[in-house]
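What follows is chain A paired twice: with chain B in the first complex and chain C in the second.
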Partner chain A sequence: MSEPILEMTDVSKRYRTAGGFGRGRKGFLAVDGVSLHVERGEALGLVGESGSGKSTLARMANGLVVPTSGTVRTDGQDIARLGRRGLRRLRRNVAMVFQDPLASLNPRQTVRQTLENVFRAHGETTSTAELVALLESVGLGADYLGRYPHEASGGQLQRVAVARALALKPDLIIADEPTSALDVSVRAQILNLLADLQRDQGISFLHVSHDLAVIRLYSDRVAVMQRGRIVETGPSDEIFRSPQHPCTRALVEATPEAELPA
Partner chain B sequence: MPDPVLQVEDLCVSFTSGGVTADVVRDLSVRLDGGRTLAVVGESGSGKTITGRAIMRLLPRGASARGRIVVAGREMLSADERELRRARGSDVAMVFQDSMSALSPYLDIGAHIAQAVRLHDPSVTRRAARARAVEMLDRVGIPEPAGAVRRFPHEFSGGMRQRAVIAMALVNRPALLIADEPTTALDVTVQAQILALLRELQREYGMAMLLISHDFGVVGRAADDVLVLYAGRQAEYGSLRDIFEQPAHPYTAGLRAATPRLDARLDTGGERTRLRAIPGAPTSLRDAGPGCAFAPRCGLADQVGERCVVEAPLPTVRPTSEGGGPHLAACHLDRLPALKEVAR
Partner chain C sequence: MIVYIARRMVTAVFMLLAIAFVTIALFFGASKDPARAMCGKPCPPETRAKVSAYMQTDQSAVWQYTEFVKGLFVGRTYGEGAQQVHCDAPCFGYSFPNRSDVTTLIAERLPVTLSLAFGAAVLCLVVGIGLGALSAIRKGGIVDRFSTGFAMFGLSVPTFLVGLLVLQVFGFMLNALPYSGFVSFSESPTDWAWHLIGPWMVLSFILAAGYIRVTRTQLLNELSADHLVAMTARGASTRQVNRHAVRGVMVPVVAMFALDVTALLGGSVIAEKVFSLHGLGDLLLSGVNESDLSIVVGVTLFSAFLIIVGNLIADLLMPLLDPRIRRA
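Showing the complex of A and B:
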């Protein structure tokens, strides 16, 4: 079996805080000894309440946040030991999609410039045909190349953000609440798009969300986080059919169903 | 039949900017009795908040409302400032998604609630108003209310702050509560608690509630009746059961199918990871043509033909389940075919 695309071992992150507040006196322990992995082609869903450490964990997975202790390996390589070349490769192989597409795109750049910059940052050139194909893969027409962020809707912008993430053909996409700012009908489009990418292009996903229904629909496996720790992990269907940990149970019970109450 | 707590007739709201006036809400009619909850559902820009604000007569600059709004017997659109002050709080109060924006960072929680009490009845002493605040915080489930009145908004968690805002809105026992996405910013477990609290207080006070939400999950937990808005117009109105079990508007059916569900595998032909999405994005009334605003996204427009594009459908009566109230849908189709065909 090949190595997992992402492997985090006993990873912790302590943020310095002014007053001794939060979990422990020496700063705030946002992530506390977490181990998890994402297999190739797998979609792992990470759920938990706000403040449970999901986003910090996701950001450590691609080097945006440096762990206080523990190791993060992508493709078998310890990212703490990567040189400049290796880091650049990491940025290629692991892409990120955030919650707010408007905040993650430069308002003064057209979609074309945004996408071209990704290639340029890796010393590559690209053609209009390639850019058009990229936009098409996320369901946008060629006319979006000339648009500025304010000229597109939230869902269209999130598609642009996904296109940017796809530009360098990553192996792993880390998506942090990618659909929670979107309208219901548009959210379904983006979730379908992400699911297609996983199935058709074999891209692996670490999908962070507070919405269990989204995670159930979309993930092969689920990890549940509470106060900086992973309290339960397992196949998506199992976790939601028979949640074991009290935290998971509380989350499942509190999730409102778009169904008539019995 | 008792007089409704809220009656809205042919409400239109328009914005004027740069000499151009355009409607954002058109021909809305609603009737809501005490003790009942009407959920207003729709995507962003559909006019949910504007409708809530029109009822409060708290419209942003440049907006104006026409039609008729009656709250607890009071004509809101013709009321003067003095009457409005009296109406807000005792007849109708509003709770917003962002609890922080409803609170001043410089006042403690007790002062906020006491202020609401004294605004409503200036004869109440400061001390008595403060005592009411403690009582009310206790009622909304804030622990150690006597100490909590002295805390400031930023010292509360999001859920506790929303409880405090609810205390402030309900301290004068309004006949109508307008709750605009009251739980959207909260974690699911807290969300469930706040919804339960609202339901409980509503029962206790016999209050009517207009619950604004984009989330069918929240609606299913709390509503008696549902109004679905699309681009500032009424797409469908009916009892919760009729809206969930026999939706008559393609948009309602589409929204339901696009909502991820925890409980069931979706009927997707073996592929569990696909939702039935509605193509395109929600539009506002300003961008809508003369026909049905949903037409560009509707999988059934082809079946009906040109009519969808040239003539805006009016709400017409639809079948109801036993004991259900009125069921109306604004669609040229008399009957909705099976869900599979609804979305393109």
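Showing the complex of A and C:
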């Protein structure tokens, strides 16, 4: 088997807190010695309650957050050794989809400009045909090119955000709670879109969510986080059927059946 | 676009006419007789009545207003025979204490005010945006702490105090700057700047405070904005990201600047007084002191006009900076 697309070994992140208040002068340990990997073509779901360090962990995968200790190898490269340019090159191959599409898209730019920026960031040019094809791959029409974020709905915007991630054909997409800001009705659409991308284009996913139901359906494997540590990992169905750790059990029990999209 | 500008200009004309009416009404409400200042000492009631009739200040506010509006189109004539004075259309009024029509007076004073406004505007933009941006980039650093204090001081200290301090320190104590007077730019650009440095410092210090705050807050907001994090996450360089952040900062700064510049162009009463500059602010003040209706109305209308134009320009610039603000 080839090298994993993402491999984290014993990574920790300590945030310094202001003053010597509450958590003490040591700061707050958001991620505490975590190791995980994502195989090529695999979708790994990362679940946990809010504040468990999921987002911090996900952001270390593309260098948005620098780990306090441990090593992160993404796409075969040690992130700590990449310079500024190296990181930029890496991010061509590792894209990210954020929670709130309205916030993650520049309100002063049309969809076209937002997409073009990705190409520009890597010194490439693009054509209208290419952009239209990109939009079509996420189920949007060419008329969206000229729209501003406030002229589209949340679900449509998240599709645009996915299109931005898909530009320049990445190998790994980090999706940080990509559906939690969306209406339940459009959630399934976005999740299906991501699942299709994984299946058809072989893109690997690191899918962060607090919703185990979502993770179960759209991930091959699941890692459960609690207070900065991974407490349980395993294939999705197994975790869901027989959760071992009390935290996982609580999450499973908190999952309403009704929310599962058939 | 052109229709939009035309519509705004038509509204502006009505607005100015309304402002003229309010100014005249308020002036006559102040129960001060303009004739008294002009009739000299001693001033017997008959002379005063005659002067009053000559200056046409014996009439009601409504009459004044209609005469004023008429004067705009056909000009205005005061008195008869040898003492007749004529003010050509468009006549904004005639100032008897100055023996000149208001348009000429404003034109005379304008270079001073213009010079003052120009330097103060440039200086406050450079200092305000510069310090604001630096404090946002190094939040909590030395520059940030200094400029936050600086802005606090600028916002809370009155202009006259800053003016007097600058005069005292740079003018009298250090003998570094002239403490009054104005040299026109065409005469000697260096002397011109030299005489204006003091008032420029005072005005820009007061004004810069606002820009420091707005730039700092806005840039901090922008730099932590999700869409810029998203750009970084997709591989954009710091420079590309910063360019987008700057655009977000420009919107409120331009809006603020348009208002500040027009206010400056309308004359800065206090700064002009402190540095004995004879600009529009000084003209307005003398008009008020001498109960000179024509000057008060003229300068007020001129400032109002500038503010309206300034707002219009700002409104036209906004959609260029932020495409969300599109034609109404």
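We take it that the second predicted complex is superposed on the first by the 249 of 262 C-alpha atoms of A that agree within 3 Å, B and C clash if a C-alpha of one lies under 4 Å from a C-alpha of the other, contacts with A are read in each partner's own complex, and residues count from 1 in each chain.
Simple rule for what comes next: a contact is a pair of C-beta atoms (placed from the backbone, for glycine too) under 8 Å apart; a residue touches a chain by one contact, two chains touch by 3 or more.
None of the values given here were measured: they were computed from a predicted structure.
Touch criterion met: A:Asn106 reaches chain C, while chain B stays clear of it.
In the superposition on chain A, contact is made by A:Val214 with chain B only, not with chain C.
Of the two partner chains placed by superposition, A:Arg229 touches none, neither chain B nor chain C.
By the touch criterion defined above, A:Arg187 lies against chain B but remains apart from chain C after alignment on the C-alpha atoms of chain A. After overlaying the two complexes on the shared chain, residue contacts for A:Arg199 are found with chain B alone; chain C is out of touch. Touch criterion met: A:Ala254 reaches chain B, while chain C stays clear of it.
Of the two partner chains placed by the overlay, neither chain B nor chain C lies in contact with A:Arg147. Set against each other, chain B and chain C touch different numbers of residues in chain A, with B touching more.
By the touch criterion defined above, A:Gln156 reaches chain B but does not reach chain C. When the two structures are aligned on the shared chain, A:Ala165 is found in touch with chain C, with no touch to chain B. Interface residues of chain B facing chain A in the complex, by the touch rule stated above, are 43-44, 187-189, 191-192, 195, 214-221, 240-241, 244-245, 254-256, 258-263, 266, 272-279, 281-282, 297. For chain A in complex with chain B, the touching residues are 49-50, 153-156, 183-189, 191-192, 195, 198-199, 210-214, 216-218, 240, 250-261. Those residues of chain C that touch chain A in the shared complex are 225-238, 240, 244, 247-248, 321-324.
Interface of chain A with chain C (complex): residues 62, 64, 84, 88-92, 95-96, 98, 100, 103-110, 117-118, 120-122, 148, 150, 161, 164-165, 167.
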